[in-house]
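Below, chain A partners chain B and then partners chain C, in two separate complexes.
Up next is the complex of A and B:
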C-alpha cells in the first residue's frame, strides 16, 4: 500500500462507549478515522460514502450482525482489512467471521496497547 | 541449511553441462582425427602408386627393345607385345586409382597437385597411343620364303611402330617419370602435413579427455562432500526432532501430516502416526466433533493470505484442550494439550506447510489450578479471621460450644442402633436438623466461612437423602466429615479462647467492627436474643435484596430453661419470615404495600398456662397451592390425601421433614429443615404451634410453651 496515503479506519460497534474507546485509543500515525457506525446498515452506508480501508467490527449488533456485515464489506471491497472485536465467548463465531474475510480478531476487554498492536498488524497484513 | 530452489538446480546442472560440452569437443576432435587419418591413408596409397608407376616407362623401353631384337632375329615376339598391353592398361588403371585417392585425400581441389597431375596425363597421352598401336598388330610378323624367313607386311608395320616407340621412349621416360616424381613429392608433403595435423588433434583430444577426467573427479568429489553435508544435516535434523520436547509436525494445504515429525509427537498424543494420515484423523479421537470441526476451520484460516496469524491466536480452539488417554493398565488419564500453528514462510509469501506445535501443558494447568486453590484458601483463611474478629470472644466461645454440642449430638444419633432404611432416614433427618441449626447460628453471627463449611456437610446430607436407597455404609463419609467439621470448630474454639485472653472484657476490635454493631455488642458479653435476631434478619434481608424492619418485644423475659430453645426457634422463624414470608420488593410495590416489610417477634406470658413466642410478618401469607404442589412433588402425600385435606392440615405440612417450597437451595433457606427443626424443638418442650395467615397480608406463628416445670408432665402426657 502506498505509504504516503493514510489508512482510513471505520469503527463499527453498537456501544457508544466502545466506539469512543477505540477512537481515543487509536494512535497509529497514518491512520485516519473516517467515521463510526452503530450497526451493520450504518456501516454499509458509511462505507459507500467514505471508502474505509480498515474496519474494527463488533460481532453482536442489532439490525445486521457483524458476520453479515463483514461478508458484505468484503463483497464490495476484497482488499478491505477487518479486525473483529468481540468477547471470547464463542470461538466458532469469531472463526466464522474470519472465514468470511476478516483478517484478525481482538478479544474484549483490550488495552490501548493491544488495540494499537492489532491495528498495526492489520495494516501490514 | 536454507537453500533456494534455483540455486539447488544450478549446482546440480553444472557438472552435467560441463561434462557434456567436453564430450562434444572430444567427439569433434576425434571425428576430425578420423577424417585426417583416412586422408592420410589415401594420400599414402596414391604416393605408393605414383612411386610404382615411375619404373614403367623404363619397362616399356625394355619390352620395345625385346620386340625390335626379336623382329631382327625373326624370333617369337607375341609375349612382349602382350606384356606391353597389360602394363599400359595397368598404368591407366593406376592413374584412375590415383585420382580417386587424391579426391579421398582431400587434394581434389589442390592446384599444385592438379597441375602436376595434368602434366603426367599430357606426358602419358603423348606416349600411350604409340603403345596402343603396337598392340593392334595381330598375327605372325614373318613370312617364310625359300630364301628363309622375312618380315611380312605386319612385321614391317610392327617394326615401324616399335621403332617410333623406341624413339619416343626416352622423352616419355623423362616426361612421365618427371611428372610422377613431382606428384610423389607433392603427396609426400601432404602426407607429412596430414600426419602432423592428426597428431595435433590426438594431442588436443587426449588433453580434453584428461581434463574431462579431472573434472569428473572434481564433481564426484564435490557431490560426495555435498551428500556428506546433506547426511550430516539430516542427522542434525533427526537429533533435533528426537530431542525436542514439543510435538512438531508439518501440515500441507490438504492438512495432511508431513513425513517428518518430532519423536515427542507420538509420546504426547499417545499414538503412532499413521503414514499419509490427515490432521483431522489425528485429532478425531481426542476432541468432541464440534471442537474438531471448529479446529479444522481455524487451521484452514492460516491458508488465507488475508488473515494475520498473530491476530487469530486467541480464537485457536486447540489452545488448551483436555483429552482422555486410556492407560495401559486400564482406566483413563486426563491430560491438557496445547496446539499452536505457525505458517512456514517462503520467499514468495505463504509456503507449502504449516508448522504444528503440540505441548503437554498438564503440569502448567495443574500448577495454576493449585495456585488458584491456595489463593482461594488463603483468602478464605483471611475472610475467616476477619469474620472471627468481628464477633466478641465470649459470643464466639458460646457459638463454638453450642455447635460442638450439636455435632456431638449428630454423632450420637448416627451411633444409635437401627440399620433399616426407615431408621437410617430418621437418623439422617435428625443429623440434618442439628447441622442446619449450626449453620443458622453461624449465619446469624455473620461467620460466612463457617456457614459455608457447614453448608458443604449439609449438601452431602441432601445428596444422601435424595438417593433412592440408603445403606449404613453411605454414612461413613458423613461421619468423616462431621469429624473434620468438629476439629475445624475446635481450632476456632482455640482461637476464641486466645482472643478472650487478649481482648479486655467488654472490648472488641473497634477498627474492624461496624460502629453500630460494636456499640450493641459492647453492652454485654453474651449478646441478647434481640441482637442476634437483628443480625439474622439483616443478613437474610440483604442476601435476598429485601428491606425488612425487626420489632422485638419481651425477649428478655424468657425464663432460663427456655433460652437456648427459644433462641433456636426464634432464629429459624425470623429467617423463614424474611426468606419465605416477605415478598420480593417489586411484588410489594405491585401490591401497594410499604417498601420496608416488618417482622415482629414477641415473648409473653400466656395467662398461667405458660408462654407464647410469636413470630409474625406482613408478607404474602402461606401459599396454600404451592405448599400442596411441593408436598405432592416431594411425595409427602398422595393426590387422594391432598383432596381430603383441609386448609389447616395443608399448613401443617410445612412442619414435615424434607419440606421446602424454595426453588433454590441457598445458605439461608430451601433445605426444608427449618420448620421441621422448630416443630421438633417445640414438641420436645411439650408445646404446640399455631398458624394464622391471610393471603397477601400476613403470617403469624404462635409457639405455645408450658410452664417450665410442666414440661415433664406434658411430655409424659403425650
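Up next is the complex of A and C:
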C-alpha cells in the first residue's frame, strides 16, 4: 500500500452541502476520499467497490439510516473506523451508534478543526 | 420545562449554527406572538414537528439572499436550490438535535423537512399561538417560529 494514501475515506450524508463541506475540510495527510453516498444503501454499494477504511456517517437519512448502515458496515469489515456526524446530540443516540460499532461521534454543526481533530483521533485509535 | 426554556433550546440551536457553521454570529430580536395572521414565511423553510407531551411545529424560515451568503461564508460556491434546501434542512436538524437533548423522551420529534416558496403555508393547530423569534444576520432577517400547545 502506498504510504501517502494509507487511509481511504467514504463520506455518507444526505445533505449535499455537508458532503462537500467534509470533502473541503478534510486536511489529514494520508487520507484519500474514495467516494460519497447520500444514504445507507448507496454507502453499502460504494463500500463494496471502493473498500474504505474510514467513514463519516450521518444518522438521519432516507432509505437506510446511519445506525443500520454502521451495523452493516462493521458486519462486513470489523476493522472499519466510523465517525458518526449528527445533529442528534443526545447521549442515547451516541451510545447506540457506539454500541453498533461506530468509533467516534461528532456533533453538527462543527468547525473544520473539530472535524480534522475527530478524524485524526479516529486514525490514531 | 417552562415555555421560556423551550424557546431557549431552539434559539440556542440557531445561534450555535451561525457561530459554528457560518462562523459569524446572528442576533436575536425581541420575540412576539403572531396574533391575527400567520407568521411571515420566507423563500426556504426547514421545520420539525413535535408530538407527545407537547404538540406542534418549530421552523426556521429565511430568504434566499441570506441563505446564499451563508453558503458563501461556508466556502460553498454552488447556490443551487438543492443546496439552499440542504442549508435550511441542516438548521432544522440542529433544532431537532437540541430538542432531543434537552427535552428527552417527553417529546417525539419528526425528521426535519423543507418547504420552498414564500407563499407556502405551515399547518398548525388553531388553538396554538405561534411565537416568532426574529433572527438578524448582516443585513438579512429570518424568523424562528415556535408553535407548541
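By definition in this document, the second predicted complex is superposed on the first by the 118 of 125 C-alpha atoms of A that agree within 3 Å, B and C clash if a C-alpha of one lies under 4 Å from a C-alpha of the other, contacts with A are read in each partner's own complex, and residues count from 1 in each chain.
Convention: contacts are C-beta pairs under 8 Å (C-beta built on N, C-alpha and C of every residue); 3 or more make two chains touch, one makes a residue touch a chain.
Predicted model, so just to flag it, every value in this text is computed and none were measured.
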Partner chain(s) touched by A:99 [first = chain B, second = chain C, both, neither]: first
Which of chain B and chain C A:24 touches, first, second, both or neither: second
Which superposed partner A:107 touches (first chain B, second chain C, both, neither): both
Chain B versus chain C as contact partner of A:15, first or second or both or neither: second
Contacts of A:83 with chain B and chain C, given as first, second, both or neither: first
First (chain B), second (chain C), both or neither touched by A:60: second
First, second, both or neither for A:124, with chain B first and chain C second: first
Chain A residues contacted in one complex by chain B, in the other by chain C: 88, 107
Chain A-touching residues of chain C, taken from the complex the two chains share: 16-17, 20-21, 23, 71, 74-76, 78, 82-83, 86-87, 89-90, 93-94, 96-98, 100-101, 104, 111-112
Footprint of chain A on chain B - complex, ascending: 290, 294, 297-298, 300-301, 304, 306-308, 310-312, 314-317
List of chain A residues in touch with chain B within their complex: 81, 83, 88, 91-92, 94-96, 98-99, 101-107, 118, 121-122, 124-125
In the complex, chain A residues that touch chain C: 15-18, 20-21, 24, 60, 86-90, 93, 107-111
